[in-house]
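One chain, subunit A, appears in both complexes that follow, with subunit B as partner in the first and subunit C in the second.
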Partner chain A sequence: MTDTVKMSSRVREHKWFTPWLLVAPATLWLCVFNLYPALNTVYMAFTNKKPLGGGEFVGLANFARMLDDDQLLYALTNSVLYMLVCVPLLTMLPLLLAVLVEKKLPGLTFFRVAFYTPVVASAVVVALIWNWMLDDRGAINAILQALKVVQEPLPFLTDRWLLLFSAISLTVWKGLGYYMIIYLSALGNVGRELHEAAAVDGAGPVRRFWSITVPGVRGTMLLITILITVSSLRVFSELYVMTGGTGGPGGRVSSVVMLIQMYSTGFTGHLGYASALSLLLFVLTLVPMVLLARLNRKDG
Partner chain B sequence: MARKEKQRAYAFHRMSAGEVVVRYLLLAVVLVITVLPFVWQLSTSLKGIDENIYTATPRFIPEHPTFANYTKVAEAVPVVDYAMNSIIVAILVVGGNIVGATMAGYALAKLRFRGSRLVMGALLATLILPGEATIIAQYVTVRSLGLTDTLLGVALPGMIGMINVLLMRAAFTAIPDELEMAAKVDGANAWQRLIHVNLPGVRGMLSVISIFAFIGAWDDFLWPLIVLTDPENLTLTVGLQYLSGTFTNNPRLIAAGTMISFVPIVIVFAVLQRYFFRGVEEGAIKG
Partner chain C sequence: MSARRLVGVAAGLAMGLTAMTGCGAGDEPSAGDLGGKIEGKVSIQTWALKPKFTDYVEGVIADFEKENPGVEVTWLDQPGDGYDQKVLTQASSGDLPDVTNLPPDFALPLAQQDQLLDLEEADVDLDKTYVEGGLQGYRYDGLDGTYGYPWYLGTDVNYWNKDMLAKNGLDPANLPTDLDSLIEQARTLKEKSGGKVYLMTRKPGLNDLQQADVPIFNEDGTELTFNTPEAIELVQKYADAYADGLLPKDILTDTFQGNAELYNQEKAAWTTGSANISGLEEANPALAKGTEISPAFGDGPLYVQGLSVNAKSKNLAAANALAQFVTNPDNQREFAKLAPGVYPSTIASQEDPYFTEDDGSVAAKAKVTGLKTLTTAIPNNPKVSPAMSTIIDQQIALAISGDATPQEALDKAVEECNKLLAQ
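Let's look at the complex of A and B:
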């Protein structure tokens, strides 16, 4: 520290305003597109602001409205189901994939890129592809009927629960490559020597996976669990596209973000209520993050 | 013989032939699961109007491959305009992030100034905000700037991502301070030090955030869906949703539309994947 102080007295480091010029654009964006909208969301949640007009203070009316909003109940139920399926599948399968593509084999780059393709594709594209495959007359039903597994086509896109699970399976499929990459960068830190020593001692691949790989990436696994939990609450595009923007039969296959979008524009628009839902979303995503912070602290 | 053995051991990290076979088999299975849906969609998009696309056993090779579906889609909806709009938004977002995140990242990593801790704290605080939770207020802001239904309105909020500023700061921090010191002694000012001394050291991170910014802008759906309403002026993702609502009974056309959106991004990624995976290995993605 004293060295640098001496240094700066000898050579002029920079004009006093240079750092501020450098951070000015980012700070502007930080304030206008992050901090201000966050504060404004809290404010609007207590008003009856509509796309056109409104904006009077209404106290807790928007939050009271949530209590008997059936659609919100469906959305939250769907989020819980999303979590129950996605968390176990997306913490384990991508790890297995990462182990598979970790070793250097000829042609591995090709496989890595291919496995990452669903991540690169937009959720809209992927959802439209699944819509076509899961259609009454689509490939999946055709195969199932040809194999005499079912007589009638399964209503993947029109039955409430089948539709939800179709969307969930899409999310899992699209997430495999994403979490695989995160695990891949963590696996680099798991010592190869440990694996070799265990192999010499006669531990098979399964044993080595559970006793060396899994403990080695525990921190990353925890992080990924939280990321998946949060993203289960943030689901939007898959459900929107697979239900054609309607939220499925009776609007029961929707998510909190779909409700927020629904209330953002048009005749149904209610920016105040949408803001209250946004606040709810924020608080819900905060829970897993606080848990992560506590667990990390315990690990020390 | 012994030399060959040694080479093999080196290349495969002492994997047995059996393990190599099992690994390739598993890789092939996962490949089918991840890539087949795209191939199926491509195949559907190339099938002519006379070919039955509802056959019981899926046929991957079209009988008479044709681009007719693509031209038909382009006639029915301004899909070329949509693609141009997506490109414009993506370029604005990538450019904004390269310039804005580099400048701020450098200042926060290498220059000492009053208020830098405050800025850092605020940047970190934004990380816990899910984008969807502020999207309504974001929309109100963009609307009050008079930018609804414009591409600038779509691009603007994402032009400097806070996570990118933090990633660039981390990359600049990793460069040894001695370089800065030496350049200072030589009389280089902050801008010269940023461009000539530090920038070459953060190219890896810069390519990672550029790739992410491009993919993010190209694939984004919720935000352009809220900002854009005029069917003449959509980005590709919103346009595709609109297209699929119009042609529900013709999967060939929807397939052609999805391919128009999918192929460019895959090409971009395939070309740049080397930088992406290198950046990943250097630890660009750590949550």
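Let's look at the complex of A and C:
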């Protein structure tokens, strides 16, 4: 009792500003490097700001321009396609891989490492290697032609849709290991006794996967879905490197981030329009996140 | 904390930060007197000259300080990558060095913001000292004055693999001199080699349109106008050549290895490059010996580097004198000797035997050939921003791929670029 009284009086000895002082460095960092740039982006979206000069208020002109921007339409189509393909593939395939490598069998460490290696490699380096493989005279076309599957090389790096799906394949391949690791930790929380009980009741591996494993990692699955959705909308490296930074013929293989980069670069960068695009991307990433969070709450 | 209070606090903080930033930029130093005494501390900024040219630059600075005992020069050299961002940061924070190496496209926005000295005010006859092309780079439509002393210049020459041409039914003594003969010989090379090697390995750009006398801008520089019948015809020729397999497929996205690299690896018989063949000599010495050099098609491109003077320099007279000293004929000649492929921008240096004498080597031929086209070569238009370049490149690629006609693609490129220009 005496100890408790002493403790609380010691706590009361702190000045009123002590907690503020403790969080001050982090708050300052957040304000200078997150909050201020974010608010500044909102402000610039309504101006014709350039790196040197400009900055006059132009109302909704930057947003009106978006309606008349073909490239933005291509970029949004690409992002939605990216999301539609990546979300199911990267939600299910890593889970299957995690289930496969979860078992304690000799030699499985090799596969765990092998599946995780692409995650460690730089996205730019990996994309360059894929470029060499998918090139007109690269390994993939050489194999396809040797096997007589195709007569002429397939235009993986020049045709709009092939380029887009090549980039999606790269994202999926590179993401498998990362999400597999997340699933592996989640699988550790799924009770082994549930599997054993289900097995005793005659449930096969497929039934156990759908009825025990999937519900057991549902929360993780939702988190992964959100992560993939956001990263699909914000895709940059794969498309940038695989199109040589050009966005493909007609800029039809661009992403929104590539457009932001294009408009904000250089002495004459159009920071107003780039800021408006950033705001659009922010809203776009927010919508699926809110929807998924609501879905989770309802199911919960 | 409620959401409303949080937003209030955030807005207050942001306004405070904005105000703080404003305070820093408001106190601009007053400029020195151009006609004043040459003295005081001045800084000069170069672009990626260390460590290769350290001795040279330090020597020039020492000579300048010897001639002007009251001046102390500080040399800053910035790395090759991210130089535009560095200069941009310096310019927006008012920290631009007294003398800065700025290519014409970097100098234009600074000149528009009155950050650079108009050299017409300086005591020098620019037109009698520097070559026209170099000066043209720093004279802008809609802006009176000249905003940089031309420093070193560069241009392109054609490189031809003589052996490869001869082996594939072509005569190295009868090289292509324009796009039509290039396409014709590319066809022969493809047929004879069975498509194993190429002659043409790049798609056209704005430079090629400029070489074909296509007006990029209207006369007062307010609109882009390169969707002319001549430009459409040129792009159509490339599109036809692409459809006939005369160019690598991947040129559309620039993911191919690059025409110079394909040339070095002997997968292509032609490339364009600077008049410095040392890179080729290092990569493929045998090919360097077997290379024929010819002048660039048309007038050729002119690459200009120059020194601009900060209009707000505290020691304006010293800064201006330093820029003139570094770009004088003697110093430029010495620099060009150390940097093959680079030419002085001073008229007095053009007759220097070092640049005109041909000892029969491929390197000497490249040097002499480049010099011949230097007087007629055309500098890039500095008003074309990186975003415009990307759009033009994308639309030309679309036309060459056959997914749009050259007319549609060039119209679209002009329309989008004009939207950017109007902003």
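Here is the rule we use: the second predicted complex is superposed on the first by the 272 of 300 C-alpha atoms of A that agree within 3 Å, B and C clash if a C-alpha of one lies under 4 Å from a C-alpha of the other, contacts with A are read in each partner's own complex, and residues count from 1 in each chain.
Basically, contacts are C-beta pairs under 8 Å (C-beta built on N, C-alpha and C of every residue); 3 or more make two chains touch, one makes a residue touch a chain.
Please read these numbers as outputs of a predicted model, since none were measured by experiment.
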- Which superposed partner A:65 touches (first subunit B, second subunit C, both, neither): second
- Kindly classify A:32 by the partners it touches after superposition: subunit B alone (first), subunit C alone (second), both, or neither? both
- Message: Contact-wise, after the overlay, does A:265 reach subunit B, subunit C, both or neither (first, second, both, neither)?
- Response: both
- For A:158, select first, second, both or neither according to whether it touches subunit B, subunit C, the two together, or no partner. second
- First (subunit B), second (subunit C), both or neither touched by A:120: first
- Message: Quick check for you: in the superposed arrangement, does A:242 touch first (subunit B), second (subunit C), both or neither?
- Response: second
- Message: A:131 in the overlay: touching subunit B, subunit C, both, or neither? Say first, second, both or neither.
- Response: both
- Comparing the two partners subunit B and subunit C, which touches a greater set of residues in subunit A: B
- Query: Touching A:53 in the superposition: subunit B (first), subunit C (second), both, neither?
  - Reply: second
- subunit A positions within both the subunit B interface and the subunit C interface are 32, 35-36, 40, 131, 135, 244-245, 263, 265
- List of subunit A residues in touch with subunit B within their complex: 7, 11, 13-16, 18-20, 22-23, 25-27, 29-30, 32-38, 40-41, 44, 49, 97, 100-101, 103-106, 109, 111-118, 120-126, 128-133, 135, 137-139, 142-143, 145-146, 173, 176-177, 181-182, 184-185, 188, 192, 220, 223, 227, 230, 233-234, 236-237, 240-241, 244-245, 257, 260-261, 263-265, 271, 274-275, 278-279, 281-282, 285-286, 289
- Query: Of all residues in subunit C, which touch subunit A in the complex?
  - Reply: 10-11, 13-14, 17-18, 84, 87-88, 91-92, 105-106, 108-110, 112-113, 248-250, 252-256, 385-387, 390-391, 393-395, 397-398, 400-401, 403-404, 409, 419-420, 423
- Message: Quick check: in the complex, which residue numbers of subunit B touch subunit A?
- Response: 11-13, 15, 20, 23-24, 26-27, 30-31, 33-35, 37-38, 40-41, 44, 54-58, 99-101, 103-104, 106-108, 111-113, 115-116, 119, 122-123, 126, 128-130, 132-141, 156-157, 159-160, 162, 165, 181, 184-185, 187, 189-191, 194, 215, 218-222, 225-226, 229, 236-237, 240-241, 244-245, 251, 254-255, 257-258, 261-262, 265-266, 269-270, 273, 277, 280-281, 283, 285-287
- Of subunit A, residues touching subunit C in the complex: 31-32, 35-36, 39-40, 48, 50-53, 65, 131, 135-136, 153, 155, 157-158, 163, 242-252, 262-263, 265-270, 272-273
